[in-house]
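Two complexes follow with chain A in common, the first pairing it with chain B and the second with chain C.
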Partner chain A sequence: MNAIVPAGVSAAAFLDRYASRAGTNPVRDRAADMLRRAGLPRSGVEAWKYTSLRALGDVPFAAAPGTPDDAAVHAIVTGAEQAFALDGAMPRAVFVNGRFDPSRSSLPDGVSVGRFQALDEESDDEPAADVASALNAILAEDGLLLRVAPGVDAGRLLLLSVGAGADGTPISFHPRHRIELGQGAALSVLDLSVGQGAYLNNPVFDIAVGDGARLGHAKMQAEAAGAQHLAVVHAEIGAGGLYDSFTLTLGAALARHEVHVRLAAPGAVVHVNGAQLLDGRQHADLTSVITHAAPDCNSRQTVKNVLSGHARGVFQGKILVERVAQKTDGYQMNQALLLSETAEIDAKPELEIYADDVRCSHGATVGALDPDQLFYLRSRGIVEHEARAILVKAFLHDAVDLIGDEILRATLDRAVESWWNRKDA
Partner chain B sequence: MPAIAETRDAVESLGQSTYKWGFETDIEMDLAPKGLNEDTIRLISRRKEEPEWLLGWRLKAFQAWQAMAEPTWAKVSHPPIDFQDAHYYAAPKKKAGPKSLDEVDPELLRTYEKLGIPLHEQALLAGVELPEGQEARAPIAVDAVFDSVSVVTTFRETLAKAGVIFCPISEAVRDHPELVRRYLGSVVPVSDNFYAALNSAVFTDGSFVYVPRGVRCPMELSTYFRINARNTGQFERTLIVVEDGASVSYLEGCTAPMRDENQLHAAVVELVAMDDASIKYSTVQNWYPGDENGRGGIYNFVTKRGACRGARSKISWTQVETGSAITWKYPSCILQGDGAVGEFYSVAVTNNHQQADTGTKMIHLGRNTRSTIIAKTISAGQSDSTYRGLVRMMPKASGARNFTQCDSLLIGDRCGAHTVPYIESRNMTAKVEHEATTSKISEDQLFYCRQRGLSEEDAVGLIVNGFCKDVLKELPMEFAVEAQKLLQISLEGSVG
Partner chain C sequence: MSNEFVRIAGLCAKISDGGTDKEILRGVDLEIPAGEVHAIMGPNGSGKSTLSYVLAGREDYEVTGGTATFKGQDLLALEPEERAALGLFLAFQAPVELPGVNNANFLRTAVNAVRRARGQDELDAVAFLKAVRKETKHLSMSDDMLKRNVNVGFSGGEKKRNEVLQMRMLAPSFAILDETDSGLDIDALRIVAEGVNSLRAPDFSALVITHHQRLLDYIVPDRIHVMARGRIIHSGGPELAKQLEAQGYARFLAEAA
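Here is the complex of A and B:
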């Protein structure tokens, strides 16, 4: 194995951790093998054209300590509750440094809840071919296994990830969650990650939405400024099912949210919407691959980037329509707003279509705030920074407004508002 | 839709007999031995009586090429190419170079006659002496390239009077070495990419155009490329330099015989536009696309790039791509001068087993630079067609503007149409807009046409032409007429 020179950045530190851990199995071995060969991608690999994981290869991330500092965790949780005005009554599953924390969690009725260990034994699946999933596969220790029985509306759930990084020794954690909705079931998940210090959060979600089921998944990534966030969602949607997802990216120095959705049966619908609000030297990447694998499916995607400082936003969205997927309706829109001279956007909206009776379109725009609109507001007596705030919020509102669940929508709206106020201050 | 299926079957049974340019000219050829090594390059250079600097330049390119790998990012697939299994030099045997048409091998002249390429200046100029049934045309100066060499260039005297240089590039190397040396490889460096490096090492001929300051080229210039010999590749090199305030319109056409084996065509085109200069470059690419089973056809791996060096310069690419088994081509503009304008208008049609991965790059460097991209993609049969385009706004490109529109039309359910735009902006005042759609021919439109008595075939032709109108109207008139016919022919056998 020493003879293999990876194509990308060496993942040696992670692989060493895998070699010394308990709980190896053939699935994980294959993932390790892939990482050993491919390494962590640097920009240049087509799927990672605009995002390099070079920075990760340089850092010897350690496993999270067994018992994190309780006071620090408490401070982070209450901070998040206040910042985002979280509803205290909402059932919640709290993960601290990637491990389930039962004392802070209260799970909803009507769902069967398990832990990742069980999943690990059951699963014979090949690890997905993407790097972030492979990294998760070799180091995952815990995660939520959530099953909603057919016909049950399980209401809302807050899935809170707390990263308590100790300064000096960066840690990494790799939770693996699985959410399964039976036929006609419903659930809304508010997926919030917060933290402090230096850490890498590498969550992977395996999602199965049954026939006619509805899953809302509103994600707010508000990691610590020094953190890295590498998330992957694999979702499969059954006939007439809906996966309504939204990803709001606010935090982390380096972030990538990667979504792979498969519309597996007729009438399946997916929304892969999102917004990035970035500042400083943040780099955030939203990559999605939506596969239409059955006729009469519908996919919708609106992604907005608001970039200031030296921030760099990346959007790579692919709609793949397989030969069988006649009558597909696919729509994809990416709009970026550059608020500074030094911000950068890289967008690659992609259509790959093999069926003829389809309607697919995509659009992309990049620009600054429209001076005419600013002038209009100024001429009505609104001061400059307020006028800018109105325009930026209106720009973002188009996307956030697409979240189906009203409570989750209101939460994300507030997050956008407070982000702007913080920036504006 | 049984009607469509029936028509499709009926036309498919006709096979690929619609490629009427597929004949072969029987002519004595001077071939270099098969294979590619330094000796081949020295031989080409010697045959062309080139100066030492050009040989050195070629060898440098060859070294770069040897260290490079074939690009794999394009959405095309083909068996590995054996670059040693081809002749890199093929020229019709001749005595001393022909000085006038009378000295050109009559077999060659007949070839171009068959292709409909006007090589007879007088007949064209007189206008009245044309044979019956032939329309009078505006004069066009033509450089005809047959396999590796240019056989004849027309209207050179008329052009010379205006100060325009239009000649085979091998001749320009001899007569205008200072110009060629200054600009050759200045837009596409020898080590730019795998195929450009290959071309730089072995290019045999092509056209050279130089339009001096303030001159509006008095007629359209045209190059007609013809691959004829077996087991050869064609590697032509075109260099167009337009000085301050000058302008030129340049047309390019190409065909090849029908053969079962694949042939390689790896051209490089470099355009340079100085202050207020304008270049319009139009291509109708009709290389042999292979038969209905995907056998044979040209591999068309082409690097085309224009540098808008001067302020307010303009480069406009228009292409109609109907031929080739594989097309890999991205005519690009580097918008350096403030206020420079780049345009790309493209129609790409694939049928049967053709694969096309084509698009453009617009690199905005200067302030207030503008670019427009209109790409229409039509896929039929079992073909795959990809639009791949890059728009990049660099930090200094304040006030730059891009508009891109890509539309794909799918005919039949066994083909693919793909759109892969790359948008990169590092300037907040630059504006980029991109939109793309994919659909099939609307039943309503088809019904409307059929109801008014048009046959299914005519209806599809009409709709496809309408779909491509934004691009076709950019072509010089004569080319537009030819392109329209070509579209219809290319799509025959795919649908009614």
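Here is the complex of A and C:
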């Protein structure tokens, strides 16, 4: 018998699935040990102040079946292609229930593509440092290993995650992706997750952006309504490199997108922008820790929340400026539009600054639609629901507009548009 | 009455301000026949702007009595957008800024919304641009103002011109101009007045709210009304403007008291 009682909620269902592999990999063993001791966090733990994973502890998530229903997967993929007007010509890597599906994938030229092998080869990072990464570490089986050679512009890639939940039994999958851009390389990734049924998607990205390289990462989380989504990005940016990320959260009952970025050399730039559009009883959490570990780095963060029904949005943003990181330029803005009396936003900005010559600003706003603006639009003959749509889209526009890649920007713009139209219908 | 166009009778309205009701309109009587331009003058706080908001359908005011009809229809029963479709237009004293909303897109959305509601064909992008260019030229507005967000970063004068541009594009039959002259220099005033005057027609009426006789040199009204303490206390011809300018409101206030 295991005598350890975890501080949080027992992760026994996940740990049981790991039992057969125990002792084969020290990184995984440490992650398992951490989960055994800490458990899944209840809200209140500092890093999980407003989000509880209690619901996960209650569900015996099973491993995904070896062969998912082909017709169901096909329906989900074509549904996503239509809903988001995806460009059929864009190279794509498709993962079904966390496993690479070569038959649905067409990979781009100029990149070296491999499959996830073993954890200790992939990263020097300690994957057990956060709960979602630890959970991924013990159960990861597959993932994309993508290398763009120095100086190569690899264009765009659609990374499509399909969750095909079986009837009755909730499943979980834990893909682990690694993206490496050599010096001066470039790539734009459209990271879309969709699905149906009950499942937990727990992807982890290890990202290394080389000197002067440029990685665009536009994520659209459009999981099934009954799904859970727990994603973590660990990114390290080299001198003059850019990681331009945007996370659009639309789906899942419970979601958390967690970003850990290290600006590791002078002139590195990161954008951790996003929008959370929630309704019903959805709960979504965007948590970021941006570490300025070198001088002259720049971090930019604009996060918008549009919340209706009983939805709850969470934003936690920490900027850590180390002693060496002089001339740091950090900006953080979190804004929420509450469309109902019962929607809620929780925001926790944190600045931790050890250098003395820095510029860091942060701000937060919470509000409803401005009745004066609504009246102005209506007085010009625009009917009320259209006036509301104009104001909500305007609120979101200046965040989505920050996406550097124009094709990705247009795709997310359409996603926002159709989200509102669907909601408004 | 066949000539009935704008008819306001005994109109009372209040606003709730921090839990206490404040009565602002206390029985406004006003008739504006088709084809006429009327002006309302009066001291601050007399209810002039409230009257314009109540007619346009702003929700924070509660109508507690009286009637307001336009072309025989009960205005007070209509949504703000339905009033606009019927032909009512309010040029705001302080137009709001709409960050993230492109001015040209906004204007085209509004124009097509009222056109749809009036059973007219919508304007496509080309036809709209042609129409709007004609008007901006008339009002000496730069094309740049169409590309910017609605009223964001506009000077006071630019905002007022933008209101007049909207008025002309929406082709109203009853326009209320709430202190459209404030913040305008003399050249801008002329341009704005010309924008109103050229709309004058047998089926167009306007109500001009102003503090200054100066505007009424350019937009000569058929009637002038003096408003105080929520009521029209005196009405007269265009010569009344000069009289008010010379003598102030004191005499009328004393008479009404």
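Assume the second predicted complex is superposed on the first by the 411 of 425 C-alpha atoms of A that agree within 3 Å, B and C clash if a C-alpha of one lies under 4 Å from a C-alpha of the other, contacts with A are read in each partner's own complex, and residues count from 1 in each chain.
Just so we're on the same page, contacts are C-beta pairs under 8 Å (C-beta built on N, C-alpha and C of every residue); 3 or more make two chains touch, one makes a residue touch a chain.
In this text the structure is predicted, and so the values were computed from the model without any measurement.
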| item | value |
| --- | --- |
| Contact breadth on chain A, by residue count: chain C or chain B | B |
| Partner chain in contact with A:402 - chain B first, chain C second, else both or neither | neither |
| Chain B versus chain C as contact partner of A:386, first or second or both or neither | second |
| Chain B versus chain C as contact partner of A:45, first or second or both or neither | neither |
| Which of chain B and chain C A:72 touches, first, second, both or neither | neither |
| Partner chain in contact with A:372 - chain B first, chain C second, else both or neither | second |
| On chain A, the residue positions that both chain B and chain C contact, one per complex | none |
| Residue numbers on chain A that touch chain B, as the complex places them | 46, 49, 323, 326, 336, 338-368 |
| Footprint of chain A on chain B - complex, ascending | 73, 393, 395, 408, 410-440 |
| Of all residues in chain A, those that touch chain C in their complex | 370-373, 375-384, 386-387, 390-391, 393-395, 397-398 |
| Touch list for chain C against partner chain A, complex | 56-60, 79-81, 83-85, 89-90, 92, 95-96, 98-101, 106, 109-110, 113-114, 117, 166, 170 |
